[in-house]
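Chain nomenclature is as follows: A, B, C, D, E and F, assigned in order of appearance, with residue numbering initiated at 1 for each chain independently.
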Amino acid sequence: MKQVVTFGEIMLRLSPPLNYRLTQTATFEATYGGGEANVAASLTQLGMPAAHVTCFPANELGQAATQHFQRYGVNMAHTVFRGERLGLYFLEVGASMRPSKVVYDRFDSAFANLWPEDFNWEEILKDASWFHWTGITPAISASAAQACKDAIAAARRLGIPVSGDVNYRRNLWQYGQKAQDVMPGLVEGCDVIVASENDSEDLFGIIPQEGAAHSFTSMAEQLMARFPNVKQVITTRRETLSASHNQLKGILYDGQSFVESPSYDIVPIVDRIGGGDAFIAGFIYGSLSFNDQQQALTFGVASSALKHTIHGDFNLATKAEVDEVVKGNTSGRLLR
Amino acid sequence: MKQVVTFGEIMLRLSPPLNYRLTQTATFEATYGGGEANVAASLTQLGMPAAHVTCFPANELGQAATQHFQRYGVNMAHTVFRGERLGLYFLEVGASMRPSKVVYDRFDSAFANLWPEDFNWEEILKDASWFHWTGITPAISASAAQACKDAIAAARRLGIPVSGDVNYRRNLWQYGQKAQDVMPGLVEGCDVIVASENDSEDLFGIIPQEGAAHSFTSMAEQLMARFPNVKQVITTRRETLSASHNQLKGILYDGQSFVESPSYDIVPIVDRIGGGDAFIAGFIYGSLSFNDQQQALTFGVASSALKHTIHGDFNLATKAEVDEVVKGNTSGRLLR
Amino acid sequence: MKQVVTFGEIMLRLSPPLNYRLTQTATFEATYGGGEANVAASLTQLGMPAAHVTCFPANELGQAATQHFQRYGVNMAHTVFRGERLGLYFLEVGASMRPSKVVYDRFDSAFANLWPEDFNWEEILKDASWFHWTGITPAISASAAQACKDAIAAARRLGIPVSGDVNYRRNLWQYGQKAQDVMPGLVEGCDVIVASENDSEDLFGIIPQEGAAHSFTSMAEQLMARFPNVKQVITTRRETLSASHNQLKGILYDGQSFVESPSYDIVPIVDRIGGGDAFIAGFIYGSLSFNDQQQALTFGVASSALKHTIHGDFNLATKAEVDEVVKGNTSGRLLR
Amino acid sequence: MKQVVTFGEIMLRLSPPLNYRLTQTATFEATYGGGEANVAASLTQLGMPAAHVTCFPANELGQAATQHFQRYGVNMAHTVFRGERLGLYFLEVGASMRPSKVVYDRFDSAFANLWPEDFNWEEILKDASWFHWTGITPAISASAAQACKDAIAAARRLGIPVSGDVNYRRNLWQYGQKAQDVMPGLVEGCDVIVASENDSEDLFGIIPQEGAAHSFTSMAEQLMARFPNVKQVITTRRETLSASHNQLKGILYDGQSFVESPSYDIVPIVDRIGGGDAFIAGFIYGSLSFNDQQQALTFGVASSALKHTIHGDFNLATKAEVDEVVKGNTSGRLLR
Amino acid sequence: MKQVVTFGEIMLRLSPPLNYRLTQTATFEATYGGGEANVAASLTQLGMPAAHVTCFPANELGQAATQHFQRYGVNMAHTVFRGERLGLYFLEVGASMRPSKVVYDRFDSAFANLWPEDFNWEEILKDASWFHWTGITPAISASAAQACKDAIAAARRLGIPVSGDVNYRRNLWQYGQKAQDVMPGLVEGCDVIVASENDSEDLFGIIPQEGAAHSFTSMAEQLMARFPNVKQVITTRRETLSASHNQLKGILYDGQSFVESPSYDIVPIVDRIGGGDAFIAGFIYGSLSFNDQQQALTFGVASSALKHTIHGDFNLATKAEVDEVVKGNTSGRLLR
Amino acid sequence: MKQVVTFGEIMLRLSPPLNYRLTQTATFEATYGGGEANVAASLTQLGMPAAHVTCFPANELGQAATQHFQRYGVNMAHTVFRGERLGLYFLEVGASMRPSKVVYDRFDSAFANLWPEDFNWEEILKDASWFHWTGITPAISASAAQACKDAIAAARRLGIPVSGDVNYRRNLWQYGQKAQDVMPGLVEGCDVIVASENDSEDLFGIIPQEGAAHSFTSMAEQLMARFPNVKQVITTRRETLSASHNQLKGILYDGQSFVESPSYDIVPIVDRIGGGDAFIAGFIYGSLSFNDQQQALTFGVASSALKHTIHGDFNLATKAEVDEVVKGNTSGRLLR
């Protein structure tokens, strides 16, 4: 059976219970996540097979992280066990005007030190229906960037659609290369790109044309001109009313038409982390299942909205549950 | 001292903490509840004596359920211990557009297998000021339906007011009889009926007259015509804005006048389960305490609103607390 | 290094988890707090040294309370260990229209039985930049009132600014003296007074002039006329929409100008206790750091708003976090 | 149905989880208990009706304590609600060579301030099969001592057997009277006395005769000579190997024969509090059920041994479970 | 890669935390287990691939149970989703002389109502290295017994070794057939039988020869005579000193030689459930890995001993950890 | 007031609750500790002032670690905030024959990257009564080794006694220098050395003389010959019966006499981590308080024994509690 394949780092996430601050807590709730693996896990919950490829230290924590994704049905058979430590991050959950806050401790992880030659991409991708990566991977280390590049190249050779979430995080790029030099080589192999105007400006120097009707469309057009393989550019628009209340919609440009999803009101937010990944998972699911990019986009945003009501890094919502939201059933009426 | 008597199944309720999903959790919070017993327990908290009659398996779980209601002062002296298992249900608590969800595991419970002859209703009801049942009981099994019928008959003989919440749940009726055949025989012995227009249509084929000023009034009039003992029909109107935000009011028709309570805005909802039972408990309390059905109805809805802010199946609010809400004091200002 | 000094009782606070009621819970979350110590602890989090002076029983609970404040950097070196019991209070956290509720158990505590001569105020205050007290202390016992009076007198002798939060709680005054007789002697030594119109009427019989443009200004003017040392009167205005949703602003009168802060919308409220203390801490911080009472007032209210999103009695927000709110950044956008 | 009646204070017990120290913990597990109420609750679990008489403050804590005992079937209908505070105690659970430790905070409780005239003992005891008190009650206050004396007198008038656990705690007697003056007047109305040689020496100056074969027998003989109503003297012998490992047996003298139970090895100890109360409950149960004081004594000690394996202040063991231990079945083999 | 295949029911296990009693608790710890699935999960932890075959209801609980075993790497791809409810059991954990206690609620589960034709055993077993079943499965229902028989037959056809743990539980056999009639037909297809003398007498009427040197050997000889396919009979000997302290060894007879493992002292016991299953998993592992039945037996008992120190139904010990115990390294010295 | 000064890394410790395995848990209990800081914190609990010197990242985790030690009264004023990450370790708590296990994640921590010139040792040590370090510090990095050397040198210049726990952990030494080259330069500045025969052989090639009456004495003699400043060599002897049961004693040689403490039986062990640090803290306390090295040694071992009954990395026992154990009072009898 064909499966979506994702590649990237998985971290241990440690968060104080409720809204306790990092400096207050004597317990942490533990879960495991990463931008790309979250896509895979969200897909398996929707009913679509998915495999995630990563590198873990050969210790109890690497094993626990593997098992966490196995539990939700993600194929972890391609995990490489090499290196010393599992990256981790601390999450403090905000409320009202107090933002949630992430403290990373991921440098020098097993994943950052991966050996690209450990991954036989032709083999890994032989059953793949789609390959997804994010801009976090090439930011981590030269070898991670190389493995990412290898994977994209293999996917192209095998004719597998590729999506990339550029997700530019300035402070992650610390190994000596610049995002601006590395990213173009990866983006050029992609069919779908997730990017905001800011990302595009920072990474590719693309500035929406002055006077353009829509800054996103203008940006996307330039991006697609620069990277001719790219057929769709998507992103979310998030209205952050408070740490507890957001509004979310999705937009897409395919070179010809601009498509917009409904906007969803999310209050209260249970767990904001992975909202973007759930959007991408929903969009991939929709792209592979429906013949309609509007439908795929809305399915992605509805998935993301639901994710905000679910604890943990990924979206434990079923296809049927997302469908309800897509149909406009957002009343949350008790189901017996 | 006179007491309200209720009859029905009590189940173990198991819910993951916070908003965790059933598939995520490694712990369950346990409480005990049932539509009728919740009425009894809500009444004792208001200061009105109440007894609940049920059937439990003679094991630790039946004992724990008994003790749970004893704790809150419900008279459990008439509990019959017979049968094999305690019914249970799993509750997943939603948020925002994600609904809460109940998974029942109640078939073939000790209560479903009760022996009607175990209950000496004349004896049980000898001190009763009111008898309350719901449409869930006759849905469970023929013997439960029989016991319910016996109880209503005894109450009528003893001149005790009877209320019935018709609460039609299609998928519960699986033992071979149809709700449409069974329910009329029970409703005809009632003084007060809790029913919505949908319930009435489904159960009794009553359809509000076209062009009627108020569908509820029209339905209630027909219901009272069919069942002449019924003197009041009541129900709540719930606006479900999200799983975390509802608005609630109550309406009543007594054959002559239509009465409406204020509407209460409930946000955030702490625990929605038992909201309807708290309404009925408040209405019974009010009916037995005040000489004013408007007051009784408002007391019922205010009780229900408060219930939504309280964990567990029933309403741990005192008379004084409900009175504050009735007076319009809904600001939630800190009490020292 | 100069430090703010506060004086008052610290209690053990016991609250059921989440929104559970006191009668439901089998566990209590424990923390320690008191109106004045909360000011000290909020100040140390902002980066300003602070010491708190109190009296504890010489047992494990007095030790635990000491350690709780030491943890957050409050100088507890002047703690007197004498007496029998630590005062405590039980906090039930409400939601929506159900108020939070405090049940005190603080009578006859070690602090109430303190010996004024145990406190060498000249020594304690020798490095002080500010001294703060509240009207709770003189309400507790004659000896507490005496120690408070001694402290204020010493502060004046040493030329240290003094603030007093009059915080009138009628039911606390039970040891035989009347607030109306005791409080004037304390207020007259203060530079800054926190008081509402109600407090002023109850304690000093001050009634805002009829037809005054602003009742607060009118009250403050009279207060300052009566107590000529008082240079600023401040208070908060709280709009209590529900137990989960408040709006908050601060106002100040300095004898000449009336100053008002922006209003902050706080929803959901995580923990309302200590909101007023955080306001005062922020105002003291601002008064000692900025040359601008408008800025100090806004800093105080922003501190208080943030406090409502933080568990426990005091404000674990940093200077940088308060500054963000002051700048109007209340969107709660995730920080990575 | 006849019931055992007990009288005494009930406190809120607060203990850190596991073996955490009081100074470490951020949560407390809460339960309610008291030496006499523990006897009542242990009896209802064995299947024998019991009522407890006490005085609580009319607040949420008094209500919670009432409900805690109602849950386990203790008749709390005679509770008087008057006064200000519920006594409480903090329990730190030791292990190995580190002892468990109790910090009391019970002075000036509602119970200490009870009004003896609130208790109509003739009425309370009209269905009683037995009355039990302990030496803690007269230690608390003069009015508590008076109420205890009234109860014993009423029991004698009604011909009800009376047991008293002298339980001398020197540091409790702080209200101005001496145990040595008060206790004789109470003991003289008893049929059964629980006392060790130390208690007897401290309270009554009774010193086992030099050269006596058995110090306990010698003490008991003198005690019975002094208080001719006393027909049995009992106590436990505890070998404290560590905080986690005790050995326990019981002994009895009835003026003629000396009776001894088997010794039970208890390791690990789950919760040592209430071990003595469970012994007395078992002995009362046995005395009222069996015609054999040896059997009653062994039943008491087996009850106490089981109590040590159960969390909380009282013995949630059934008659059948105690019987197994009495039969020598202490292997703890899994029951399916 | 070849895998061990097991077949049987999986239940939700609910247990109060620590040593709390079922009647005390307000929370349950949830895990999933079943005698045969526990073997599979213990094997995957040892590093041997394993698949479990079962039938779950198509609801969230069936999904959660599936995911629980997926997490630990058990192949759940053959799960059939059909039926209404997941069987469950409640576990109360004893201590010292108080036994642990299991309350089952498993009747009429989805597994009990399975359809034998849903399972294509030739397909399921095509990669199998071993098939394992227990006597619990045929006890549950006629259709479960049939499926078990089908599986054994298929295994024999495919030449796969079969082990059966007869595990006779009288009170489970309630569907109308007798164990004595059903079990022989299943045992005759086995290579390895786990049985005690009691099991053999109850099920097959086999009584150890009087005067036999060893009752187990005598029983095993007769069993092997009756069922000629059986080549090894194994069991454990458990010395139950208390609920917290057991001693365990294993014995084996192969028709010629009697083999005995060392005895392991287990104190304290963390979780006794699944101890027998861990023994069988270890023995299967050993049988497939070593050329030495003594070694296999000892590996099984060491596995079982370790299981007693691990929470949950199965043995989360690695091969390396079991090896340490086999080598006699039972000192529990801290590993850094 | 004079204080003991310690220097070393502090890590965040994360452990699953109870005996759960790292691969099972969804929550971690968090505390902070380090071999040297544990000594400081144990000393403040005994009533002796202590300061700890370390380097933390300037983030929430560094702040939380600082606050953890401030809470228990350790002077953290010399903390340097520089670098990126807080070292951490995962602790799985074993039972019976299953060992506890530590997984370190401490490489490249802020402490490992400290700048020696950040520490002004003359200033830091100006009030010191003692300086303590361990062999873990020089193992971490060259700069940590350098800072340690600087501190020892400063202590010697100031005439402050120095103790070093050589604590050789082979797998920590990964930065390019060998323990055998670095350690002698540090040990030579010490007055007291904690070392076992194994440590001495591994680090200094010292082999107890063949035929020596006591291997420890022989080793210590050689060590003192090599490092003439060393006046006392101490260590503990631990009998590891199981992960739950150890026996512990201490031994000392001062060049002339061999001293031995009583042996303490520790069962059950609550938390073994920091047992050695508590021993050293007790010995330092004793050395500075008593005029008797036997007394100091026994005080150290009694401290260590108590530590095993206390959760967390350090010994929250008071002087009075240790004294009880020293007196032989190890019965753990309940204290009221």
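Keep in mind that, in the parts below, a contact is a pair of C-beta atoms (placed from the backbone, for glycine too) under 8 Å apart; a residue touches a chain by one contact, two chains touch by 3 or more.
All of these numbers come straight from a predicted model, not from anything done at the bench.
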Co-neighbours of chain D and chain A - touch as defined: B, C, E, F
Any chain that touches chain E and chain C: A, B, D, F
Chain C-chain F separation of Cα centroids, rounded to whole Å: 42
Whole-Å separation of chain centres (CA-atom averages), chain A against chain F: 45
Approximate Å spacing (C-alpha centroids) for the pair chain B, chain F: 63
Contacts with 2+ other chains: residues of chain C: 21, 23, 26, 67, 101, 268
Contact pairs between chains, per stated definition: A-B, A-C, A-E, A-F, B-C, B-D, B-E, C-D, C-F, D-E, D-F, E-F
Chain B residues touching chain A - in the complex, by the definition given at the top: 18-21, 23-24, 94-102, 104, 169, 240-245, 268, 272
Residue ranges of chain C touching chain A (in the complex, touch as defined): 264-270, 305-306, 308-312, 316-317, 321, 325, 329-336
In the complex, chain E residues that touch chain A: 67-68, 70-73
Footprint of chain C on chain D - complex, ascending: 14, 21-23, 25-31, 59-61, 63-64, 67, 84-86, 88, 90, 92, 101, 103, 105, 107-108
